[in-house]
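The two complexes that follow have chain A in common; it is paired with chain B in the first and with chain C in the second.
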Partner chain A sequence: MSAKLVFDAIVVGAGPAGVAAAITMARGGLRVILLERGRFAGAKNFFGGVLYTHALAEVLPDYWQRKPPFERPVTEQGYWLLSPDSVVRFMHKSEHYKQEPAEAYTALRAPFDAWFAEQAVREGVLLITKTTVIDLLRDGQGRVIGVSTDRPEGDVYAPIVILAEGVNNLLTQKLGLAGSDLPPRFVALSVKELIGLPAKEIETRFGLAGAQEGVAIDIFGDATLGLPGTAFIYSDKKAISIGVGLLLEEFIWHNLRPYEVLARFKAHPVVRPYLEGGESLEYGAHLIPEQGYDRMPELAGDGVLVAGDAACMVDALHREGTNLAMTAGRMAGETALEAHRQNDFSAAFLRAYRRRLEESFVLKDLKQYRRMTDFLDSTPHFMGTYINFVNDAAMRFFSAHGMPKRQMEGEIFGLLRQRRSFFGMAQDAMKLLRGMRG
Partner chain B sequence: MAKRKHQPLDPELEASLPRVDVDDLIASVKYYVDEDFAHLWIKDRAVCQQCQAKPCLAFCPVGVYRLDRQGQVMVGYQACVECGSCRVGCPFLNIGWALPRGGYGVAYKFG
Partner chain C sequence: MHTVVAIKQVPDTSNVRINPDTGTLIREGAPVIINPYDVHALEMAVRLKERFGGKVTVLTMGPPKAAEALVECIEQGADRGILITDRKFAAADTLATSYVIAHAIEAIQAEEPVDLLLFGKQAIDGDTAQVGPGVASRLDVPLISYAIQIEAFDPAARRAIVHRRIEQGIEVLETSLPALLTVEKEIAAIRRAPLPNLIRAAGYQPEVWSADAPNPFDPASIGIKGSPTIVGKAFTPPPKEAGELVHVADVGLAAAVSTALAKIAAAGVVATLPAGAKGGSP
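Coming up: the complex of A and B.
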């Protein structure tokens, strides 16, 4: 019989949350094993996406010297409000975004996560890939004392396990920390295609001065057929990331095929010219947990903490997730270090993790937007109605047909009234305000 | 919490959706197929036969679920990108879903 494998801490999942936790604990002197089911860290991971460096800097202050594989700094960002044949753009471009390192970069997760996990290995973490954790090991009192994997004799023991297993949080559910499986109503299904184009071509099409500039656009309205969801276009070095996401329930209810919604968006007259002649490099899909603050799993149990998508730490409104995950992972790691110092791994002690998060932007933001998913839930018409209106209004505003301006203003107002009653508008505004203010 | 009220899609919008062959899209995805373990399965075939809508045929982003000539739902787990939609989206929770064994399944090159 082989010797029992014992570590100071086990981390399940080598995504942003898991790696941040592993690095934090290793730097604090713990012996850490990081288990990843993919062939390499990042093989299973997929996002839009934009990465924010503030969270990375707090995990790895010298991350910039370690040459992270970013795509482009985000030097221009904003929104497109898309109607079937028009667009109104709200874009912000600034020299301030050009500091190096920048606040945000577009990135691709397979190379980025692999790099991030490599940094953990450099800090002394034992990274084991191609290993799926199938269950948690518990003692007589139900306390988590390790994990079992699909490797022969694959049980691993530690006084603390950090679950960073991603959105399909089967282990978190098994422990009873998540009350239920993901509700289709509060989880978005996103699909993305990576379209390869020469760097020069991307820069010309998006008006970028060179590799030191990049754009991140979130798109509302016709891209999702006016249904609750968003689309995005992000510039990478030599590719464009283009995707669309809707609440899963919308796909189910309307019998929509995600790739057809994406194809329709790609063919939109405003979008098509950006993609012309590009080569499809990769397609993929991912769920985004948008349950919000009030439907999050418990974050701590006896001998266990949960971080990242597994704990639905996503701020959908600001398309933030990896930064919440990294920050939560770091705080889980700090809590585990403290638990080792006090030799107390009880749920009561580990709840300090939640208190740390409550004091950080992670739970503050999630709390502020706790009603945002409910807002979209209760006003599914919102996107279609107002975005088409804004486009029609812009058309009137920018046209000169010899119509007196007063009459033009009247027409714009009439367009709005056709779509929504005064009472309806007031209700929508109230709900939106509540969604934003928390 | 009350159920959401869905408005049916405008038929014009619906007609504007292009037909796409999803197999063309997934040709770009790298997989390591586990021939010995199907990590997706139908729990009870009788439930599928009674399911009128069969939304899994549409919402699965890689078209894992297709009908055979007899109208039975086939599970092409080899194309799965492990998103989890079918596990939670099946109206009867009739889809068995496990993680592929370590190292198998999708391996994004870019992600």
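Coming up: the complex of A and C.
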């Protein structure tokens, strides 16, 4: 029997939050073990989306020299409002986006997480993969003093454990920091496909000048059958990430199958030409926690902190999550360093973590959009009604077949009136405003 | 008690694509694993170590990437990993490979006596089952292929009783040690590696041996020079077509038998059939 395994800190999960926490603590001189259940960091991830570099730079100031495996810088981004047969595009392209390193990159998390975890190993973190943490070890007072894994002789001890276990936060629930299972009302299921195409072809189709340009598009309306949710198209180096996300509840209520929603979106006349001739490389789905600020778990307990998806740190409106996770992971790491300095691992001391988050964009943003999910929930017609209206209005506005413009304007107005009463519109606007302003 | 296990990193053939033009495996980008039989050989070695003490050395010849397979062996309980890698070893057939492995085992033996050699019964990418026997004959040690169980093992008396699978059933053999066993999966069930092993493996760097150092290999016996095998053509055989069925119920027994006999005669697979041959017991 080997000696007891003791470290200064244990991190559960090698995603952005866990790795950021591990790096921060290792750089601060702690002996850190990072436990990951996948074959390698990123193996369990299916993310193809946008990564923001500000949070990464705060964890690893020299990240650019370490050559992160990004796909393309995001030089053009915006929204498509999709009706069944047309689209209105609000896209923003700017020279400002062309600095290097850029503010945002499209990325695939499988290679990115592997790279990020490799940086942690370079900083002295002990990364152990293929190992699932199944429970927390607690002392007589219920304080967390370590974790037990699914391996023989698999107990590991440390005065502080950082849970970055992801959306399926079973350990956080076991500790009673989060309520039992995620309600379908507040969890989105995002189904995604990676479609391989030659780089040149991608650049031609999206109007990109070369590998130094990339596009990130969020799509509303018909892509999700007018239901609250979003679809997305991101240009990678030699592939397109395309997907649709809806609250689990919508899938259940409307008896939708995730793959059918994606297949329908891909067949849309506006979307199809972008994908033509591509080869399907990957297909899968992932849950996204969208409980929002008011239903977040407790972030600290005796000897334990929670960060990332496990703590529902997702800003669905701005498709942000990885940057919140990295920042939260870093702050959890900083708090753990401070706890080691003071030799105080009590929940009372560790609540400093939450205060750090309150002062950062992480909880400020989540607080501001705390009513967003409720808004979409209580205004399910919002996407369908207004987006179809915008498309119909655009069509009237841009056509010329001998109708006086005054009459055209009247028709557009009429289109809106048919769909929603003044009172209804006023209500929608108020609710939207409240959703945006917190 | 010192066991040497020889392993090979192979493409995961359950997760690999076939080039439709050539019928060969597309190795580029294919996920790699340790040859499954070799993992069981290692497990057997670790179990013997747990019982008798001593050490397990794992050996592989392959590209630099094969170092990760050795790290996985450390996770599974091996103590030492040796990677034999050099461009000069490239394109080796089973003759050249068995020379390299045998020569390396001699070098290990010179450092520390070896009691047992364990190999997987064959590699899933080539399926030749030749390297283990080739090494045994070069080292002049007893060979037991297709071993499924070690019934008794006595390192002090240098004897072991081993069960091996043969077509007719199971053969039980007693052998002197050292011996070389090529093993089936039944030899030992894989266990989940303990966490301390993973921690040790996380910082483990396998030893790397080249064609010249620390033990020089004979340049004429390695790589393409040491490989007389010529692959004329690799192809996927066409699927066998369904045969013709003659139902006794439709045509009667005599007609069915004579139809079958006529087919056999026409195919020329039997040189002569006695004139007027009839079916039935002799």
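A few comments on the model shown:
Following the convention adopted for this analysis, the second predicted complex is superposed on the first by the 437 of 438 C-alpha atoms of A that agree within 3 Å, B and C clash if a C-alpha of one lies under 4 Å from a C-alpha of the other, contacts with A are read in each partner's own complex, and residues count from 1 in each chain.
Basically, a contact is a pair of C-beta atoms (placed from the backbone, for glycine too) under 8 Å apart; a residue touches a chain by one contact, two chains touch by 3 or more.
Keep in mind that what you see is a predicted model, and the values were worked out from it rather than measured.
After superposition onto chain A, the modelled positions of chain B and chain C are compatible, with room for both.
Of the two partner chains placed by the overlay, neither chain B nor chain C lies in contact with A:101. In the superposed model, A:183 makes contact with chain B only, not with chain C.
In the superposition on chain A, A:127 contacts chain C only, with no contact to chain B. Touch criterion met: A:152 reaches chain C, while chain B stays clear of it. Contacts of A:194 after superposition: chain B is touched, whereas chain C is not reached. With chain A as the common frame, chain A serves as the apex of an angle whose CA-centre rays point to chain B and chain C; its value is 60 degrees, to a multiple of 10. Here chain B and chain C are compared by how many residues of chain A each touches, and B touches more.
In the superposed model, A:5 makes contact with chain C only, not with chain B. For the pair chain B and chain C, the minimum alpha-carbon spacing after aligning on chain A is 8 Å.
Where the contact sets of chain A with chain B and with chain C meet, they give residues 130-131, 149-151.
Chain A contributes residues 2, 5, 33, 126-128, 130-131, 149-156 to its touches with chain C in the complex. Taken in their complex, chain B has these residues touching chain A: 1, 4-9, 13-14, 16-20, 22, 25-26, 28-29, 32, 53, 55, 58-59, 61-62, 81-85, 87-89, 91, 97, 99-103, 105-111. Of all residues in chain C, those touching chain A in their complex are 191-196, 198-199, 202-203. Contacts from chain A toward chain B in the complex involve residues 37-40, 42-47, 84, 108-113, 129-132, 134, 149-151, 167-168, 170, 181-185, 187, 189, 191, 193-194, 225-226, 239, 248-261, 263-264, 267, 280-287, 374, 377-378, 380-381.
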